[in-house]
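After this come two complexes, each holding chain A, first together with chain B and then together with chain C.
And then the complex of A and B:
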């Protein structure tokens, strides 16, 4: 029964928090550029407007792919709140990511195609890091279940600091922030006219936006697990991490996918492996 | 309740697409000036998108000629309803000084329905922002009637 309540909390709080974070993100970004920025609720206005628009699709695949992406993202957040298995969460969110790429591939538009290829590269970069972080959880707690994390005395950050930094890479890629925003991007960057999202419009674009909020919450939730012993410190850690993300987003230029693969595989996976060896030996 | 939130959101989140039908670039840089920190239209939720499928408002600058009228029509058709069109500058409104030229069709309204005309050569950023606000009011009304 408790699990069910937690699942419902996750499903409801996920998009609300995600939307607020997206709104705050735009405010802080505007502040960096000495502008005022839109209201905090802006992300909700955007999605509500999109939901009310005409349903235009290139083909039926897009509808399916948008829905599967949303359902997979929501399911992974629900599993996370239900203290589920980290590996299962990983696989469910991977299904969502793959369907986003499939939706983009379903349209013939070159922008959408190039965006899909780049999205695949991004998946290729962050998924190994994510799985290594989960292996780190296993080495510390002896289980892939989130429940095992709560029984730990010490914050996990003390035992896996390098894995946290590597998770930061995954977070930046997942949030599609500079320098990793080449499959699609927020705001005025228009190199690929939204890449994977080019061919989506109206309500289906809204579905993808909501799914994106869920994914943001999922990755931030994973970050939160690193300081589970104290809620205040958990909040400090999350705020600091997200502020750093926004800072990086605003101070970095977009890079190429080759640069990303090199950087994330060598540095991200390197740090993860060093941390794993330390955990294994220690 | 959700329906009224959607209606309210329409005016709060106009995503703009800017199409240049061969303008002299005067109006275009004024449109872009609206997005700079000085005018900062993003505080009204405006985003300058590069994709007609994501856009709510189409800003057209420049004289429409026989070459680009098909492109203009195509872009307009790709925008999902509800949508608004705003013609900017003397050229967009009527063809401007080029209206008598043999290759010129005339104003934007010869090809697609225009909701708001923003005069000027070039149009001032304040006038463009005004035009967008008026356009949003118009399209809210259109949705109400439909």
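And then the complex of A and C:
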């Protein structure tokens, strides 16, 4: 019963918090750039407006893929709130990621095709790091399930600091923030062409936006697990992490996929492996 | 009981002879379909009776069956040696001769003949029999219309189908014999029969390339046969028995025996096409598609992983076990990487097969109840999904004349039914809540306990496989014109495709019960408990049925939303300028139509086959030497 309530809270609060964070993100970004920026609720206004627009698609696969992306993202958040298995949550999240790519490939458009290929590169970069982070969780708690985290006395950050850094690395890619935003890269400095999202418009773009909010919550939820002992410190950790993400997003130029693969595999995996060796030894 | 067993082994032999000697296509087709039906029923019947203790076969037609197997063994080696001579392959001749000499010495000098119950059936066997008999039969049935069209393409004067179906059906009998064997000499005999069958089938089209690749397959598998003989002799010298059940019950017994088991694993590696032996399976792609489907899903390579898995209790907690796990994980990683660079659909499937076999072998090496469960789950679900995908590629190839995934772009427009089934097949290979992913999940959770190198290799390989499978599924989607001609499929093509596709989904839903009724009794301590349609272990929980419900209902809703797409406005894609009236072009300079195209990224600079293969082969050889040497 408690699990069910938690799941419902997750499903409802997920997009609300995700939308607010998206709004805050834009305000902070504007502040960095000495602009005023839109109201915090702007993300919701945008999505509401998109939902009201005329439905236009290239073919039916896009509708299917947009829906499955949203459903998979929501399911992974639900599983997270149900204290489920970390690896399973990750694999369910991958359903969404794969369908987003397939939807982009379904349209015969060079922009969305290129975006899809680049998104695959991003998946290739972050997936191994995430799996290794979850293995770290297993080594500390003795289980892949989130439930086991709560029985820990010490915050996990103490035992897996490098894994947290690697996770941050992977999450920047997952959230498609600079310097790793090339799968949704703009074209001609306008927001009309955005890689994998190029062919999505109106209500279907809104679905993807909502799915992205869910993903943001999942990502922050994973970070929150590193300081489960104290709510205040958890909040500090999350705010600090997200602020750092925004800072990196705004100060870095977009890089190529080659740069990303090499950096992430060498640096991200390297940090993970070093941390895992401590844990295996300990 | 023993009638059922003999039926499973001997019926395919009899049917194969009918296919060969009765030169009427009607009789042959009927024989194949009837054999398939009987085998399916027999395997289900065997499953219903459950596991059984080793039983003796006694004599057939007054001749002792052990003696018969011995005679056939040497006859088989003579046949293989003959083909070695015919194709002037010194490797085949050498390996076969060495096998014959060692075997003669073993059988006539060192072996103290005692009665060994020849056949046994534990849960592992039952699963294998099911996979072989059901999936294998469906592939044989699919082959009937396929081979007809195949020969029409080739314009043969005299049909070679009798020979083809002889080996195809014989293969099923040999595989059933292999997995049911309790006498290690019997296992060796059937092991060699599968080698011969695969050689004949790969070289079936008798083109220069087919012959070349079949010879390579034969010498690599003859090497495996040699390793099998050596392993068998070492194991016998330490344990003094040919009885597999007794060997397994005894567990690891001293360095000599463990090394012997190591050689048996090496034999399994060659048969399962593990790096550095992957080239024979890739070469086997020249054979007609039903052969590839059979080799990759229910026979041949599964014989390899079966041998490694069968002897898992004989090397548990030894250095050999770790060695096997590392070799398997390395193959998983190497072939997942090699797959990224491929655009040939069959090659992608081949690399993904080898990678998954590597994962299964890795699980056998990790050798915990959780890992062994993962291995069997992977065998079962990989067989279903992979056979489906091969049959799909075969169907697509006959329709569009290419197996390149770039040529399959937007295939949904032309072949909606085949494309849809292929996409479903690909999704069952890589996404939850389907069985293959369930197996992979178990494998990763099991590997977390074992060794950091294994974990890293599994994590990287798993991401790479997603890349090449997702890319393929995505590129087959596309727009379909309103009122386009519907796709026609022969009944014997449509039926196997449909049945296997349904099985891939239905069996995945049933996985908790498959685990409960089949796998849990096999393992000493069951790693999972089943509750609410979920598999729960100390490591974590996979919510199978709830996930199916949520994602399934979600998918249904999405399909419904998508099916109303004609009501939405259908727009041409954005091209950064004006779309011209011709599809796939935009209005360029001088108002001319400029065509555009997009292709997949194959990352040649990182994952080129030519560059990567020698490195992987060298590393794999080193690992195998390490595995065998360390076992001593």
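Observations, loosely collected:
Note that the second predicted complex is superposed on the first by the 274 of 282 C-alpha atoms of A that agree within 3 Å, B and C clash if a C-alpha of one lies under 4 Å from a C-alpha of the other, contacts with A are read in each partner's own complex, and residues count from 1 in each chain.
Convention: a residue touches a chain if its C-beta (ideal position, glycine included) is under 8 Å from a C-beta of that chain, and two chains touch if they have at least 3 such contacts.
A quick note: this is a predicted structure, and the numbers were derived from the prediction, not measured.
By the touch criterion stated above, A:225 is placed in contact with neither chain B nor chain C. In the superposition on chain A, A:33 makes contact with chain B only, not with chain C.
In the superposition on chain A, A:193 makes contact with both chain B and chain C. In the superposition on chain A, A:44 contacts chain B only, with no contact to chain C.
Touching more residues of chain A than its counterpart among chain B and chain C is C. With both structures placed on the common chain, the touch criterion links A:52 to chain B but leaves chain C unconnected.
Of the two partner chains, chain C is the only one that A:84 touches; chain B does not reach it.
Of the two partner chains placed by superposition, A:140 touches none, neither chain B nor chain C. Legend: residue contacts after superposition of the two complexes on their common chain; A:208 is shown touching neither chain B nor chain C. In the superposition on chain A, the residues of chain A contacted by chain B and by chain C overlap at 54-56, 187-188, 193, 198-199.
Every residue of chain C that touches chain A in the complex is listed here, in rising order: 410, 412, 430-432, 437, 441, 444-445, 448, 452, 455-456, 458-460, 462-464, 466-467, 470-471, 473-475, 477-480, 538-543, 547, 550-551, 554-555, 557-559, 561-563, 565, 567-576, 583-584, 596-598, 600-601, 606.
Chain A contributes residues 54-61, 63-64, 67-68, 71-72, 75, 78-79, 84-88, 91-92, 94-95, 98, 101-114, 116-117, 120-121, 123-124, 127-128, 131-132, 135, 138-139, 142-145, 187-188, 192-193, 198-199, 261, 269, 273, 276-277, 280 to its touches with chain C in the complex. By the touch criterion given at the top, residues 2, 5-10, 12-13, 15, 35, 37, 40, 42-45, 47-51, 53-54, 56, 78, 80-82 of chain B touch chain A in their complex. Residues 26, 30, 33-39, 42, 44-46, 48-49, 51-56, 187-188, 190, 193-194, 197-202, 205 of chain A are the ones that touch chain B when the two sit in their complex.
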